[in-house]
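Each of the next two complexes has subunit A plus one other chain: subunit B in the first, subunit C in the second.
Entry: the complex of A and B
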């Protein structure tokens, strides 16, 4: 059996910025010396996976194109990461045989509003992302995704004044419904705050994988 | 960080270690790693114990934590404790055989549609409640002759299923 590669699940409503977060997160993790692979779940389209292939593989050359895999689930994407994750597990099995030296598998899945969660069989760490345009009530409305995720990410903070969202209210409510658990405010368009998300992953998930200075320097040189 | 790759036994099932666990006093003496039910299913987890020891847990495929597990570490005696949660227990009135079958099917339908794990122990069905606001819904949807009792306890599903409301 191939070595088990650590996995992070990234979930959240449609348009919250999951794909954008990954597009910013992979360069941040690469700068730290980590090598990643991405699985992107969607209902019928593979558009997000194709966009990431273009941005992260073809243009930025951060990973081979075949390490960004799109899955058209044919049903609610959250079903394929929770109720029946077998298609994702099959793809992970292939990846683990193809390149067991990878440090991290990122699994993206949308849908299901605040209730998205990942099967613990599939993901070792769970990031839930929402954006301020949904209103500053989002964290206090709770839901399994918001309450149980390891890291809550609140995106599009630059839009807050334009949509009447109070970030201090969101921070207060997130703390109240997720006692002791972290929340990060980010702007995935500019990358502001994404380095801190990468730090959380390094600390909370990749804690036994110290990256050598040599590999870190090589990653920085590109 | 203390890297942990397995468990050495369980205070409830392992005689020798169990005695050690009881001597240490599971409830009030031993160092405890307190985790939620969903975290118990993880193979990779970083948490602090109640005494502040930083634990990085990496388990083998096919294994999982259980309430009362003793972490495999040389320096310390650390016991895994699952967080208690609100649980509903289904109390069914004694009725005729066919009526009982109908009731059981409707109870399964109601709980199953909300994708909750269940525990069936000596004819008693229990399931976790995520938020007090959903109690009203469950009480309304349960068939006639059924009432729900609520308590806070360590919930162990009969079979592993996902959570979803």
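Entry: the complex of A and C
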């Protein structure tokens, strides 16, 4: 049996920015020296996988094209990552045989409702991403995804003024709904805040020292 | 008097349940392409599609392989199991169907390894892991049934039933039939499933469904799709 490569699952409602987050996250992780592979579950097309192949493989040359794999979900996005993750697990098995030296597998779920969670057999770390345009009621309205994820990401903060979303309300409610667990505010269009998401992964999934701490130590030494 | 259920009857329900993880909820077996190309529009079309697939692919090919694997398993003949598995893989012309079949097959045995697996099925898993056998769906389902002490005839019916119910499930999700029509289609298929008596000899293996195969191949290239096959 090949080595088990750490896996992060990314879930969230339709259009909340899952794919865009990955497109920003991979360069950030690459800068830290990690090599990743992506599995993109998509509800009705191969569009997201093809877009990432173009942006991350063809243009940025951060990974080979065959390390970005699209899976159709038969219209059942949560089934594919929770009740019956067989096909995702089979693909992971193939990846682990192909390149056991990878540091991380990123799994995007198809766009779904706020109850989405990943099977613990499939993902070791779970990021749930919502966007401010869904309304600043969102952390407060709860849902298993929002409550149970390891990291809650609130995206599209650039849109907050246009949709009347109050970020401080979202921060307060996220804290109340997820005591002691992290939340990050990001703009996946510009990449603002994505470095911090990468830091959480390095620390919480790959068990590396937080980069900020490393930097501080290096600064002290220097 | 209420008869006590044999444990294999329980495992039959477990294996046939769409909740059993096998990844098949994402397969439409070509139905998606038939619906998109306008060839299938309603419950009559869905019923005919399933009947033809049963007659020209599933019964003469999948069922024969499943029966051959079970009979090799009974005589502890691992070479016979590998032969049937490899033959099935070679006969499936559509890449997407082959890949889906082996991905599903391997995961069935993976789940089985955590519930109840016997030595022969373990040995078969190792052969698959080493690339010595492809690990197709009918072969792996046969080994699962064998490990759970399900009789061969029942294993055939499990495969036929799960095929029918998964295609009907796809038709419901594609909007081609309603939930009630779906159950009616399944009832029409009861006779087909219960009267199946597949051969066990690999020399009897055949299949012929060129139109379905062409549409299954088109599905591989389809930009907008909901299903894996």
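Just so it is clear, the second predicted complex is superposed on the first by the 206 of 222 C-alpha atoms of A that agree within 3 Å, B and C clash if a C-alpha of one lies under 4 Å from a C-alpha of the other, contacts with A are read in each partner's own complex, and residues count from 1 in each chain.
Just so we're on the same page, a residue touches a chain if its C-beta (ideal position, glycine included) is under 8 Å from a C-beta of that chain, and two chains touch if they have at least 3 such contacts.
Fair warning: this is a prediction, and the values are worked out from it, not measured in the lab.
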First (subunit B), second (subunit C), both or neither touched by A:74: second
Partner chain in contact with A:66 - subunit B first, subunit C second, else both or neither: neither
First (subunit B), second (subunit C), both or neither touched by A:45: second
Touched partner set for A:83, first subunit B, second subunit C, both or neither: both
First, second, both or neither for A:148, with subunit B first and subunit C second: first
Partner chain(s) touched by A:93 [first = subunit B, second = subunit C, both, neither]: second
Contacts of A:4 with subunit B and subunit C, given as first, second, both or neither: first
Residues of subunit A that lie at the interface with subunit B and also at the interface with subunit C: 1, 83
Residues of subunit B that touch subunit A when the two form their complex: 1, 3, 36, 38, 41-46, 56, 58, 61, 115, 130-131, 162-165
Residue numbers on subunit A that touch subunit C, as the complex places them: 1, 43-47, 71-76, 79-80, 83-87, 89-91, 93
Contacting residues of subunit A [partner subunit B, same complex]: 1, 4, 6, 82-83, 115, 117, 119-121, 124-125, 142, 144, 148, 203-205, 207-208
Complex contact set, residues of subunit C against subunit A: 19, 21-23, 25-28, 100, 102-104, 106-108, 110-111, 129, 170, 173, 223-228
